[in-house]
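First chain written, first letter: the chains are A, B, C and D, and each begins at residue 1.
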């Protein structure tokens, strides 16, 4: 990790078989798709990867297979978020062993922690880890927010090298950009809708779910934002917004993001639509909507010089 | 599980060594303390047991040792709450094997689930479990509330035999009492402050943390409530309120309950004060307060004919 | 206010004309209905009274007409909850002038207040008020919770004479019962589902919306609880639960309570169904359900010796 | 309102006397300060203006005096947010009479409204208003979020001409930018930390509290963002972040923003530090910190060619 990581780091979907084991072939295909799509790294076992819903042996298999598939072409970051620090460390050691470059940890998500407790938790964790750590702020799911002051304090720990923020709150993100005094500290956002604007303002990139489907779109958006190519950025941003609107809001509940993303991935031939419990994949009605929407998306992507197909990658 | 369980079921504290492994001797001592104190069962691997903070091998060891210590004198209920249904099932099978009587599961606590999703999750889980299931409503920590209508619907599943509610919302609890049409469905509350009133209104008992310290107090409160012995109930309720006020509110943060309870348990000679990460046990200043408060509590307990000492049990 | 108020204090529905002015005749009829039903007081301009949705001149008119209708037969308590302390004081002075016995104030509900800020707010308010003050804890709507420690501290102010809790959290209510050291401090609950149990445990009564419809039911429930007449209490509690289940949960949204209560009141001939904006009264479909449910309720009430009709009162 | 409003519209601080009446002279001085500072409009009776804490006659006086002071040099927008639609309409009519250009309304903030209820509320309100309406999304204080779909639907109403978003959630803001199909619909953000990035992405400006103090800073930031002058934008953004960090985070509680802003305004000679209840102005200790921080801010502002003094304006 001698050089700061930047760019588009898709939070990898976890391809599953219908008994919730890893679909190894699909995982390799998906990694190939992303590498060909130009992504700058891959983040496994995150929220989009449904990590918390998987058995631990499946989590280990994902680490092993992803590192093997990535073959040093792109760095692999491994989610080790857990309520048990012992299980986090086990995964981290396994990740180190198989060649991952960094680990990522959201706050332990059962108990409510005070900021002081959270800070001590991360300091202790960073001390024990065999790999550098990215903080992961995901308050909507963990309940625990990594306050700006806490993050700024933690950024002084050399083993902590970045933060991924999925709060969607860019006042918070601005506070980090301006409050953290370390050039080599990476600041990423989760929601793809705001990758462009945060990169314009000094952010380092996006950990964007949609990049599983259309990596080139997000990579080009990142590049256009970085080079302040506004005409191109506007085209691409519009397309990213369409993906979010047309794929992530089918059906009810917060799970529509995951179900829509995986449903679309299955229609694109990337993997099965199966989700790990507690969720179930979309039924026919929703899949039909997604299919129709994917057609629209593909047509619009071609209009801006991008392919919505995946065949040429895989 | 032929007969409905009722009464005081302490959520067992997990005695730990300073490297966060199980303190087996202390566990046996604690179980002996509870059996002698007259409790009606024991619930391991719950919130008070810090289950989510423990490694899985430690969780298994707790199941094995508790079942061995309880020796059929009291039924053992095992918490299997997990974000991964696969891990829940593994624990449940292990529990069955070692003689536990039932399992307890709060909603999977990472993702936000809709009520329909939650309902399907529990129906699927109940189908796969080797032991009867208690639902565990703990919205403050899981974010997901088991709505009254969902609970009432689930109560029709014969493999689901009860519910523990830690919401402290007795409008909700009344809705369950009046909405669930099954004589053999057990309804328990978590917070000890409301065991008396819910038993008066038809509840089946309390899963009360303080019963780790003073089992007899809670057992007598339960009995006085059940027999509507108001003069005695009032004495005991006042004492239970004093325990909560003087032990669970030292220090800041929501963790003060766990830290205070375990701190007090250590002063009573029941176990070490060590907490599993992400929490740390109280330092000297807080322990001094707890020690002084324990003295007051013991004096007041003796005034109502109860012993605050633990020696005679263990 | 020389004697502590106890019992059932209905939070008065506000009878409205279709242009959202006060239906004076209906107000007098409703008060007569309640007095005949044996209630111990009436609380106007609360949540059930839709106070925040009314113009200030309508609020004043309600004070005047209620005091006139009550004619010293029952004490009138006036809600003065407001985000502007100046407007609260104006209403309080008007209330004093017209013969009200006390005022009731929830926290100012726009800004988020810290407990210290809240405490100072109430101390200042109590100093300026011409009438004794009841605190009103309604965290679901005001966002601001009056913490137990804050309420206990405020209970030492002689101008503050009680608290109405609508949190439904009886751990909190128990903390107040045991923490407040003043015999003449009144502790009431809002939700009718828990009036019985809180009175059994030492509470002073209920500010129950359903008492607008069937005052006798709630008054008898209060009396049975107070005298620990369990067989009768169980009958009445069951009936109260039926009212809540069959009338307050029609339609979507949190507003179903208000819409259902007012819809039922209109079918009972007590007032029009009109609600003040931002709400609209139920349409035909929901009203039909309520009508059918009311029939069931009336039959069941008669079985326990109560009339579900209102004619004999008014 | 023939032309779409854009730019910096400060949410006016309300200068108060020590008995919470309007300090008319200070109001005129503050308006002069803003006009000289180049702002594009002024928004009175918003959150920063403490509208909900003021008596209604004071609110009317503010409308009258602001319109008189602005003398058609800048458009005046008037907050009419209220829980009573009747009171909102009264203020709106008063505003129209005195020459205001538009009104602004957050959702009614006592009851919890469903999106359908919210939508109908706004449609009804827009129909009755004598002036065009801006929606105001402020979920942290009103509890009610104007969902993107609701806002997009409401944007089709010709009497609704814009939205101010204070959620700080730019995923939401992007959804509005891309979902609303009306060129003349104004989209503003509240938090000054994100004015730059939202303007870069197509937003119309900022309703920024700090512009009360240093209008020129915010106006130049807006212009630099609009013209994509990145070197200048970066300088100004850094300065805006410093203002926020050094002035809005003194003391505890959410009120630190209001107390800090008004404390700083008083030190700059713009108005008294008095806040309307339920808040109290900062005491000496906090004011000293603010004073020192203001010195730093002034020095840094001069370094980028801006004056931190107010004398030349007033």
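The rule is short, and it goes like this: a contact is a pair of C-beta atoms (placed from the backbone, for glycine too) under 8 Å apart; a residue touches a chain by one contact, two chains touch by 3 or more.
What you are looking at is a predicted structure, and each value in this text was computed from that prediction instead of being measured.
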item: Steps needed, at fewest, to go from subunit A to subunit D via touching chains; value: 1
item: Of all other chains, the one whose Cα centre sits farthest from subunit B; value: D
item: Self-contact between copies subunit C and subunit D, residue sets same or different by half; value: same
item: Rotation angle (°) superposing Cα atoms of subunit A on subunit B, nearest 5; value: 180
item: Approximate Å spacing (C-alpha centroids) for the pair subunit B, subunit C; value: 35
item: Length of the line joining the C-alpha centres of subunit A and subunit C, rounded to whole Å; value: 50
item: In subunit B, residues with contacts to at least two other chains; value: none
item: In contact (per the touch rule at the top): chain pairs; value: A-B, A-D, B-C, C-D
item: Subunit C to subunit D touching residues, read off their complex; value: 20, 47, 52-56, 58, 83-87, 90, 107-114, 116-118, 120-121, 124, 140-143, 252-255, 276-280
item: Subunit A contact footprint on subunit D (complex, rising order); value: 168-172, 174-175, 178-179, 191, 193-194, 196-198, 200-201, 228, 230, 237-238, 241-242, 245
